[in-house]
C-alpha cells in the first residue's frame, strides 16, 4: 500500500501527441459513428454504413501520410511505450489499405442473407484499430492489449454468419485456440517481466543483453512469447486453426484474416525480436528457422491435396508465412538485420496486394458458381477471360514468377538469407527454393483448371462483377504488376521502414 | 518474501489450465481452464511486481483481468451460438472441416 | 630451313595456264547447273537434262584443258625437278584462331581423275537421256546426277581435307538419292539407306582422322609451309618430314583407311555395293566405274604419304591395306560366280578390281593403282552400260541372265562387240587396257617382295576371267531365253526378288513403250545408248597404251605426267615466282627406298611431298604367266558353258546311237537335265559352291547378318534404354518425387483432424518441446 | 570490358515493342480475328525491322564490345540496374528470336491450333518474344533472371492450352522442371553477388571480379547455375521434360521451344557461367563434356526407339544440344564458336523440322511414323523439303548443321589447357559415332515417311485424303527464310563465325583462348 501511494503521488499525466495518434482517433471516431448510425437508420439506408466505413479508412490514411511527410522522424509517447516511426507508419498504411480493399470485397458479399451489416463494419473497424495500435506498441502491455483488440472482433467476424454451422465452427475454433495461445503468450510475458523487471521492450532488450548468457527462464519466456505470435501468423505447428477458420468464415473475413491479422502478427513479432530480445538470438533464431522450414513445407504439401479453393489458399497463405519468416531466422546475425526487416515488410506489402486480389477473384467467381471447389474454375478463361487472366497473374505472383510482385518479395527474402553467408542461411535458402517449386504444383493446378479444362456442365453464363469488386481488382492487380516490374516502388517503403529503438541493425 | 512459492503456485495453475484445455471437451470448461492460465499469469505478474517494486506488473494484471472478462463474454456468446445450432457444446462435435 | 646459296640452283619457271589456274570452275559449273535444274528444270524443253549434259561437257572441256596444260607444265620441267602442283586457296571461314580454307590443288593425280570423272559422267548423262526417257522423276534424276559429279570433282580438286570431306559427303547424299531413285519399292529405299549408312559409318574414321591430322600437323605446317593443318599438301609434307609421332600417324591412317573401306566397298563393308544395283543402270555405271567407289581409293592415293608412313608401306610382311585388298579380291570374285543378275556380277567384279587398286597402293605400287583407276573406269562403265542396253532393248528390263538372256550376240552386235572388248580388258588380256594396269599392279606387288600377295592377285585374275566368261556366255551365246526370246515376261520378273526387276519402274508412265517392248522382241539399242558404248570400248582398248611399260620408257607417259617426283624440295615459295623450285639431293633409283630421302629416311634441309617408290622392270615372262592363267580361266569356264549349252547337237546324237560305248556319254549329252545337273552339280558344286557359296553364305549370313543384327541390336537397345532408363528411371524419379510430395501431404493430413482439443494439444506440446530443447541447448 | 553507348534506345525498343502489340490487342476487346492477326503480324514485322536496323547500326569491327549499351536505375536498393547491350555473341541470337517469331506468326495466320482463341494465342507469342529477346540483351543478372523467367508462363500456356492430348501433364512438367532450375540459379546468383563484395549484379563487373572467388566456393556457385541452365538446354539427366513438351506443344510452340528457348540455357553458360567462374568451369568441364556425349548417344538411342515423328525430332534435339554442350565444355574459343554456330543452326533446322511435323499432322491427322509413308508421291515438295532438313540435321557438309557439329567434334580433340586431353578425345570419338547414329535415325525416319507408296487408306477413313495438299503459300512464306538460312550458312559459315569470334575470344580470355 505504501508503495502504491508513493507511486500515486509521483504520478503525472502523460503528454499526448494527438497528431501522432490521429489515425487511431479517426478510426475510433468512425467506428463509433457506424455503431451509432446502425441503431438509427433502417435497412434500405444501410449502404451508408459501407460508405462511412470506407470513408473512415481513407480519412485515416490522411494523417498517416501527413505524419510520414512531417519532418519529425520518431514520435514517442507514454515514455516510449507507444512510438510512431516509419516502420509503424508503413505498416499502418498497409493495414488501412488492406482494410479498404476488404471493405470493397465485403460490400456486395454481406448483402446476402439477413445478417447484421452494422456489426460487421463495426467489428472490422475495431479490429483494424487494434492493428494500428499494434504497429506502434513498444510495451508488453500495449502489445497484449492491441493483440486482443484486433483478435476479439476477429473471432466474432469469423462467426459472423450466425446460422451457418460452418461459420460457428470457424469462430469457436479460432476463439478457443486464439485465447489459449494468448494465454500461453501471457505466461511467457509474465516471466519476461520477471527477469527484465520492465514491460518496456527497449528496457527488456537492454536487460537481456546485460548478462551475456541466459537462464532457462529466458528461454521459456522467449519461446512462449514467440509462440503467441507464431499462432497469429499461423506458423506450423501453430497453424491448425487457420484452414478450418478460413474455410468456415465468410470469404471477405478470410481475406481479412489471411492478410491483415497475419501482418499484425508479423509486426508484433518483428518488433519483439528487434527491440526486446535482439541478442537472445541463440534462442529464437533456431526456433524461427525450424518454424519457417516447417511452415513452408507442410503448408505446401497440404495445399497440394485441397479441393476447396479457399482452403487451398489458406494453406498457401500458411506457406507464404513461412517465406516471410525465412529472413527472420538469420535476422540476428551481423549485417542481415536491416535486410531481413526490409524483406519482411516488403513481403507483407506485396503479399497483401496479391492475396487480396485472389480473394476478389474468388468472390467474383463464387457469385456465379456458388461453389468453392477448384474444379468449378474449369474453363474460366473461355467465358470470363479477364477474370481468368487476372487470377493467373495473382497466382503466378504468389508462386514468385517474374515480372510479378511475388518474385521481388521472394528474391529479397533469399537475398537476406544468403547475405548472412551462414550455413543455416544457405540451408534455409535451399529449402525455400525447393518449396517455391512445389508451390507451383497447386497454383499451376488452378491455372490449369482456368485455361485447359472444359467448363463444368458447360454453363458459360457471363459473370457479373459488382463495381466494388472491379475497383478492388484494379487496385490489387495494379499493385501486383507495379511491384513486379518496378520493384523499386515497393522497396522504397520497405527500405525506410526502421524500428525506432531497435538494437538489431 | 517467499517469491518461489508464488511462482510455483502459478506454474501449477498454469499446468492445470493447460491440462484442462487439452483434456476437456466441453467448451465452457475449456474457457474456465483458460481463465486458470490467465490467473496464473496474474499471480506471476504480481509476484514479480512485488519483488521488483514496480507497478508495471499491477497494471498488466489489471489489463489482463479486463480483457479476460471481454474474452469470456465473447466466448460464451459463441458457445451459445453453437448450442443454438447444434444442441451441443462439446467441441469435438465441431469437426465438420478437417484435412 | 634457310640454305646456303652455294648448294642451290635455280630452275626455269614451270609452265602454267588459264585452265590450270581456273580449274576450280570444274566442280562449280555442275553445282550451278544443279541449282538451275532444280529451279527451272521442269520448264525446259528437255526437262533440264540438257543443263546437266551441257554442264558436264563444260567440265569435261575444262578438265581436258587442265590435263593438257598440266602435261605442258611437266614437260617444261627438267628431268628430276619437282613439279609444283597448282594450288590456289582462299580463306573460307575463321574461328577461334583456326583458318579454314577453300581452294584447288591440281597435280597429276587430280588431273587424271578429273578427266576420267568428267568423261564418264558426260557419257553416262548422254546415255541416260535415252535410258530414262519418260521417267517420272527425269528432272530430279539429272539434278542428282549432276550434283553427284560436282561433288566428286570438288573432292578431287580439294586442297584441304574440309573441302575433301564436303565433296565426299555430297557424293554420299547423291548416291542415296540416286540408288533410291525408284523409292516406291521398299527394297530400293532400303538399299539406298544401307548404302548411305554403311558409308557414313566409315565416315567416322574420316572425321576422326582429319581431326587428328589437323592437330598433329598444324603447328609444323604453319611454321614451315605457312599452310593450315587441313591442307593436303601440308599434311603430305608433314607426314614425310620425320616429325610425326608414329602412333598418332598410324591411328590417323587407320581411321582414314576405315573411311575408304566404307566408301570403296572393301571387305568387310562391301555388302552395300551389290544392293546399290537397285539404282538405275546409268547410276550403277557411274557409281561403280569412276566415281563413288573410287573415292576411297582416291583418298588413299591422295594422302599417300600419311599411309606410307603411318602403315609402314614397303615394310616387310605387308600391311593392313594389302590384307584388306587381297581378301576383297578373292571373296568378291568368288561371289561373282553364283550371281544370275548380270549387274551383280559386275558389281562384285568392281569390288574385286577395287581390291586390286588397294592391294597396289598397299604394296607401294602407287602409279599402277592410279593407272588402274584410269583404265578400269572405261571398261567397267562400258560393261555396265552394256548390261543396261541389254535390259533396255532386249531382255525387257530384266537382268536375269539365266532366265531372260542368251544368244543376244546376233540381235545386238554393237553391244556384243563393245562388251567383248571391255571383258577382255577387264580380264587383262594383252593388249587391252586392263592388261597394262592390272598386270603392273601384280608385277609390282611381287617386285616389292610380297609374293604371297602376288599369287593372290594371279588367282584373282583367274577367277575374273572365269566369271566374266560365264557371264558372257550366258548372255550372248546359247539359245535366247525368256524375254530375249520375245516372251512377254511380266509374270517372271514379278516373281523374282525385287533386284532383278527394278528397271521396270523406268517407264511406269508410258505403257506404250512398255508394250512395244513386249510386242517386238529384242533389238539393238538406239544411238544415244550405243554411242557411249562404242566410245568407251575404244578407250577400253586403247587407254592402256598411255602407260605401256612393255614398250619401254618412252611409252610410260603416266609415270612421267602423274607420278609426283620424290625429291627434297627446299623452298616452294621462292621469290622468283610461283612454280619455281630449288632442289638438291635427288635420291637415285638404284639405292633402295630404305636409303631414299623421301622414303623412310627424313629429309635434311627441305620437305618431301611424295615418298620414293620403285618400279618393277617389265618382264615378258611374267606377263606370259599371267596371260596363261587368264586364258586358262576363260577356257575352263567356256568349256563348261559349252557342255551345258550344246545339248541339241544333231551330230552328237547320231554318233551316240552308232557307238554304244558312248551310250553313257550319249545319255550325258542327250539328257540336258542330266548335263545340266552335271554342270551344276559336279562342276559348279565342286568348283564354285565350296568356295563361292561358302563365301556367299558367309557374306549374306555373317557379314550382312552382323550388320543387320547390329542395327537390330541398336534398335532393341534403344528401345530398352528408352523404356527402362529414360521413361522409368530418369523420368520416373521426377514423377515419383511428385507422388512422394503428395504422400507427405497425406501423412501430414491427420494432424488437421478438425478437433479443437487436439489442436490445442499440438499447439502446447510443440511450444513445450521447443522450450525444452532451447532451454537445454542454451543453458 | 568497355562499352559503346550510342543508339542505346534501340534495344529497349526492339525488346518491348511486342508488349506494345499485346497492349493494343488487350485494348481492343471486340477485335475480329482478322484484326488480331493483323496487329500481331504488324508488331512482329516492326520488331524485326528494329532488329535489322540494330544489326545495321552494329559495329562489326568491334563485335567483341558491348554495343547500344543502356544503363538505367532499376532496383537501386539491391544494386541491380537496367543494363542492356549486345555483342557478337548475343546479336545473332537476338535477331534469330525475332525472325523465328515473325515466321511463326506468319505460319499461324492460317494455322491457329484448336481451340482457336487467336487473341490469347498471339498475345502469348508476343510476350514470349519479349522474354526471349530480353534474355539475350540483359547484361545484369537480375534482369537476365527476370526475362529468363518471363518466358515460362507464355510457353506454359501455349503448351497447355493449344497442345496435344497429354498437354496438361507436359506443361506442368515443363514448368516445374524449369522453375526448379531457375530457383537454384537465383540462389547461385545471390551467392555470387555477395561473394564479389555485394557491389553490383552487372555481368561485366562480375566477369572482372568473379575470378577472385575461392575455388571451392566457385564450384558450388557454378553447380547452382549449372542446374538452372542444364535444365533449359536440356542436358542428359534433366532432359525428360523436353520430349513431352515438344510432343504435346502446338507446332508454333515446338518451333519456338526448339529454335530459341533451348538456347537460353547454352547462352547462359557462355555468357555467365564460363566467364564469371573460370576456375569452377575448368573443374566442371569434363563432367559437362561427359554429360554432353552421353546426351548425344542417349538422344540418338531415344530417337531410334520412337514411333512418333514429333517425339523423334524432340529427342534429336537432345542429341544436337549435346554437341553444343560438348563444344562449350572444351572451353576453347574454337569449341565455343562451334557451339554458338550449332545453336543457330539447330534453331533453324529443328525449327524447320517441327514446322514440317506440324504440317504433316495437319494433313495426315497423325504422327505415327508407321501410318505415314509415300509423302514424296503425295506431296513431293513437302517431301523434298523434309529430306533437305533431315540431311541438314544429320550434319551434311555444305548445310548449316555441319558447321555446328564437326568443329565441336574437332575442338574436343584438344581442349583448353588444364583439361584432360585423353578424356576429351574419348568424347570426340563417341561424338563422332553419334553422327552415325544421327544419320541412322534421321534417314530411317525419312525412308519410312517419305519413301514407299502412300498408305493413307490404312491410316483411317479416306476423308482426309483430300487434305494431302502440297505446301501452301503461308507455309512457303514462313519456311523459305529458314531453308535459305540453312543453305547460306552452310555455304558461308563465316557470316556467323566472323561475328561470334571476337566476342567469344574476349569472353574466354580467362582460359587462354
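First chain written, first letter: the chains are A, B, C and D, and each begins at residue 1.
We adopt the following convention: contacts are C-beta pairs under 8 Å (C-beta built on N, C-alpha and C of every residue); 3 or more make two chains touch, one makes a residue touch a chain.
Note that this is a predicted model, so its numbers are computed, not measured.
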On the document's contact criterion, could you list the chains that touch chain A and likewise touch chain D? C
Looking only at C-beta pairs in contact, point me to the busier pair out of C-D and A-C. C-D
Measuring centre to centre, with centres taken as mean CA positions, what chain is farthest from chain A? C
Euclidean distance of C-alpha centroids - chain C vs chain D, Å: 39
What is the distance in Å between the mean C-alpha positions of chain A and chain C? 81
So what's the Cα centroid distance for chain A and chain B, whole Å? 25
Please report how many Å separate the Cα centroid of chain B from that of chain D, as a whole number. 65
Enumerate the residues of chain B that touch no fewer than two other chains. 18, 21, 30, 91, 94, 96-99
So which bits of chain D are touching at least two other chains? 176
Multi-chain contact sites of chain C, meaning residues that touch two or more partners: 738, 749, 752, 754, 756, 760, 764
With touch defined as at the top, which chains are paired up in contact here? A-B, A-C, A-D, B-C, C-D
Considering only the defined contacts, which chain C positions touch chain D in the complex? 92-98, 162, 165-166, 168-170, 173, 176, 180, 183-184, 186, 189-190, 192-193, 196-197, 200-201, 203-204, 207-208, 210-212, 214-215, 711, 714-715, 717-719, 721-723, 726, 730-731, 734, 738
Enumerate the contact residues on chain B facing chain C in the complex. 18, 21-25, 30, 91-92, 94-99
Seen from chain A, its contact residues with chain B in the complex are 3-4, 7, 140-141, 144-145, 148, 152, 155-156, 159, 162-163, 165-166, 168-173, 175-176, 179-180, 183-184, 186-187, 189-191, 193-194, 197-199, 243-244, 247-248, 305-306, 311
Sort out for me which residues of chain A touch chain D in the complex. 342, 381-382, 385, 392, 396, 399, 401-403, 407-408, 411-412, 414-415, 418-419, 421, 426, 429-430, 433-434, 436-437, 440-441, 444-445, 447-448, 451-452, 486-488, 491-492, 495
Spell out the part of chain D that touches chain A in their complex, as residue ranges. 73-78, 115, 117, 120, 142, 145-147, 149-150, 152-153, 156-157, 160-161, 167-168, 171-172, 175-176, 179-180, 183-184, 186-187, 190-191, 193-194, 198
